[in-house]
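Presented sequentially are two complexes of chain A, the first with chain B as partner and the second with chain C.
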Partner chain A sequence: MKVAIIGMGSVGRGLIEMIATKDLGMIVTGIADSKSGIINEHGIDLQKALVRKKETGLCGDPKIKAMEVVTNAKYDVLVEVSPTNAETGEPAISYMKTAMQRKKHVVTSNKGPIALAYKKLISLAKKNGVELRHEATVAGAIPVFHTIEHGLAGNEIYAIYGILNGTCNYILTRMADEGLTYEQALLEAREMGYAEADPTYDVQGIDAAIKLVILANTVWGNGVTLDDVDRTGINLLTPDAIRLAEEEDCTIRLIAEADRRTDLLRVSPRIIRKNHPLVVNGTLNAITIVTDMARDITLIGRGAGSVETASAIIGDLLFIATCYDRRS
Partner chain B sequence: MKVAIIGMGSVGRGLIEMIATKDLGMIVTGIADSKSGIINEHGIDLQKALVRKKETGLCGDPKIKAMEVVTNAKYDVLVEVSPTNAETGEPAISYMKTAMQRKKHVVTSNKGPIALAYKKLISLAKKNGVELRHEATVAGAIPVFHTIEHGLAGNEIYAIYGILNGTCNYILTRMADEGLTYEQALLEAREMGYAEADPTYDVQGIDAAIKLVILANTVWGNGVTLDDVDRTGINLLTPDAIRLAEEEDCTIRLIAEADRRTDLLRVSPRIIRKNHPLVVNGTLNAITIVTDMARDITLIGRGAGSVETASAIIGDLLFIATCYDRRS
Partner chain C sequence: MKLEMKDSPGQLVAALKPISDVGGNIIAVIHQREPDSTDDTLSVQIVLELPEKKIDSLIELLHKADVHIQRIGHERLLYRRTVILIGHLMHTDLSDTVDRIDTTGFAEVSELAMSMPAINERSSSRLTIKSVTRDDMDRAMGILHKVANEKDLLLIEPLEEMA
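Up next is the complex of A and B:
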């Protein structure tokens, strides 16, 4: 299978590293970052590209732009892992549309386009008879969409509850375990590299809300947007509130909830029994899927990380390879 | 898709009920229990068959035997859900072989044949270009094989840890929560319908060991058997042992472990930290899959139940429908 990769941040580099070192039956015929690109229909030397990126900051030739790779490279699947733009989804949306119009499959970890334009993009995929897969957009290494699409096929999905932001979960875990204040725990999260200098996006629940929108639109196709999410962050939580919960064998977690039966769409700190499967510690993510036949299925795993995210992307790539292989 | 169903115990009846009430795009053209059978290429009236079974104990005509349904009914997939035989795997193995020789796919919840003859059966499936799927043989509603095969595709699976027997987990949960003795908890499990009159198969870890063998053979194809499993039951555990673990924020669970790196294959009571994702309560099952890219992924859900098991079977049926649909 021939793959072109747009974006060479930590996810793109992790993916290229895995394709270079594991025998996955893939060759990479195009790579682009924001400033350069490289095209080789016989397969790019991936180790060389990684070294070049590290030494020069460019993966290839500055004269070759990303859209040129999308338009001209010979590939079966476009992997779109460029930096996300939560306002417009561009330029990623244009890359995806161009690839699908070329009858190429698309696999992405890019939350912006999927949160903003899923309906349009998926109908374009269907129209062109290609796959659009985005396992990596929600909960990192946890194969939640594979599980819902295949493992739970035939089930009606009533509701989804998730711990979808590792930064918040780390902060809440440390507040509960060590009695730290929110500020102390946030500082620690920064030192550990789990929180950005500006943590707004995480601690105010925006990241979790975007993932919830992606889940709801993918599972129910109900076209909800970020504005539809009733959202409360964790930044006002006090150690006292958590201590009171702990005294009742409960704890507080930032829970993203989507319930089809009540049209609930909410991200907020919730008191939850400590022995509930959803209660995970540190930066872990967890998702409980409530269904009619299987009842509650909970998935737990790493929500972030370069190689963990590459795992989700590779799962999508190999799924396309398998199904279209059986086809022929 | 045309389906024939062999076996009309609680799993078979649950499956038929779901196919009858949900719009899954399937018609059932053959059904057999141990004493009768029914064939109708245009689709059997499932509600009638369920009523007949309930009132007479027979699903169809006593003159029609199960093998006749396997051999003569017109179907795309044979669903083999007859009572398991852990010693010989028969007659289920013969049913499956016959169907695959007819170039029909096979989906089963029957542990005996998969634990005893997986290698032979899967090669026969490959030889005939059909699918042999057995999601329902391990951990009920939890789609563990879908997750490993697709969600985690491309990952190297290093090890698998599981709580695979709900009866033992219920007993251990009650011993820990209420300080009950093993005998008291077992009695309660019987009253709740979670344990058989003869609980040997569950409490001595035989059931968990069979599921572990199925997992290892499916994931690594290493042809292990029940005799290869180092097995210890829970029947000698004392409330003291559990209390000591609880004092250290740990508990005791019957853990099935398969580690490819050390060739470990063991079912035994283990002391495990209470906040480990694998620690679930009551009759729940849980499986942690240790991989190279995704790292640890844990799945939690119901390990038994008529409709829960039907969910796993339907997931397999719809996977076959999807992939062979994309094929054509």
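Up next is the complex of A and C:
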């Protein structure tokens, strides 16, 4: 199977390393980053590309733009792993549309296009007879969509709730374990590389809300948007509040919840029993799926990371390879 | 439970005493002078928490005290929910916040724990609210949401199981 990859950051590099070292039956025919691109229909030398990226900051030729790779490279699947743009979803939406109009499958970890334009993109995929898969957009390595779509096929999904933001979970874990203030824990999260320089998206619950919107749209097709989510962040929490919860054998976690029966969509810090299955530590994510037949299923795993996210992308790629049997 | 007693000063006390004697906890006492009642009896509705299996001894004690039981609610479960409030709690009149729940008649703040950091910093408090029914609890939460909004407090609710 031929793959073109747009974005060679943390996720893109993790994916390229795994394709280069594991026998996955994939060859990469195109790569692009923000400033360069490379096309080779016989397969790019991935080790060389990784070294070049590390040494020069460019994956290929600065004259080749990402859109040219999308339009001209020969591939079966476009992997879109450029940065999330939560306002417009661009330029990723245009990359995806172009690929699907060429009747190419798309696999992405990019939350922007899926949160903003899922309906349009999925109907374009259907129209062109291709797959649009986005396992990596929610909860990193956790195969939540595969679980719902295949493992829980035939179940009615009543509700989905859980911990979808590793940065917040890390901060709350540290506040609880060490009695740190929110500011101290945030500083530590930054030093560990778990929080961005501008942590707004994470700590105000926007990232978790975007993932909730993606879950609801994918599972129920209900067309909800970020504005429909009732959202409260963790930035005003005090260590005292966590201590007060702990006196009752509870703690506080940022919980995202979507309930189809009540149309509830909410991200908020909640008091939760310490022995509740969703109480995971550090940057872990956890999701409970509530269904009619299987009842509750809880998945726990890494919500981010280079190779961890690549795992979800590879799961999607191999699913497509199996369904369409187009191994190279 | 709904009790009927003579409308005389000592009567209510006489009715309430057996409750504490059996280890019960009175949550609310609601007087109801029925409009059409011509005689001198008084109807009182008492919401109480009772140790399991103590109801029989309570009934016996009440009988002895000459208090007539009109109705006993069917093992009414008591709803209990603990929330945390963060903000300028004293500044925004915490006792008023508590009163807004207590004056409803259907819910009350039964426990309050509070941390007081340096002056002018936001404080945190844990409130346990009790009510007779789930609906009442939801109504009480609705009020708390409104108060928290008005007073710019952060309200943290427990995660309810969704199944």
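By definition in this document, the second predicted complex is superposed on the first by the 325 of 328 C-alpha atoms of A that agree within 3 Å, B and C clash if a C-alpha of one lies under 4 Å from a C-alpha of the other, contacts with A are read in each partner's own complex, and residues count from 1 in each chain.
Just so it is clear, a residue touches a chain if its C-beta (ideal position, glycine included) is under 8 Å from a C-beta of that chain, and two chains touch if they have at least 3 such contacts.
Keep in mind that what you see is a predicted model, and the values were worked out from it rather than measured.
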item: Contacts of A:Cys323 with chain B and chain C, given as first, second, both or neither; value: first
item: Contacts of A:Pro277 with chain B and chain C, given as first, second, both or neither; value: first
item: Chain B versus chain C as contact partner of A:Arg295, first or second or both or neither; value: both
item: Contacts of A:Ala32 with chain B and chain C, given as first, second, both or neither; value: neither
item: First (chain B), second (chain C), both or neither touched by A:Asn155; value: first
item: Partner chain in contact with A:Thr147 - chain B first, chain C second, else both or neither; value: first
item: Chain C versus chain B, contacts on chain A by residue; value: B
item: Which superposed partner A:Glu308 touches (first chain B, second chain C, both, neither); value: first
item: Contacts on chain A seen with chain B and repeated with chain C across the two complexes; value: 295-296
item: In the complex, chain C residues that touch chain A; value: 82-84, 86, 113, 115, 117, 122-126, 154, 156-159, 162-163
item: Sites on chain A touched by chain C in the complex; value: 158-159, 161, 232, 236-238, 240-241, 243-245, 247-248, 250, 252-253, 255, 257, 259, 268-272, 276, 278, 288, 290, 295-296
item: Complex interface listing, chain B residues touching chain A; value: 18, 22, 24, 135, 141-143, 146-147, 150-155, 275, 277, 280-281, 284, 286, 291, 293-302, 305, 307-308, 310-312, 314-315, 317-319, 322-324, 326-328
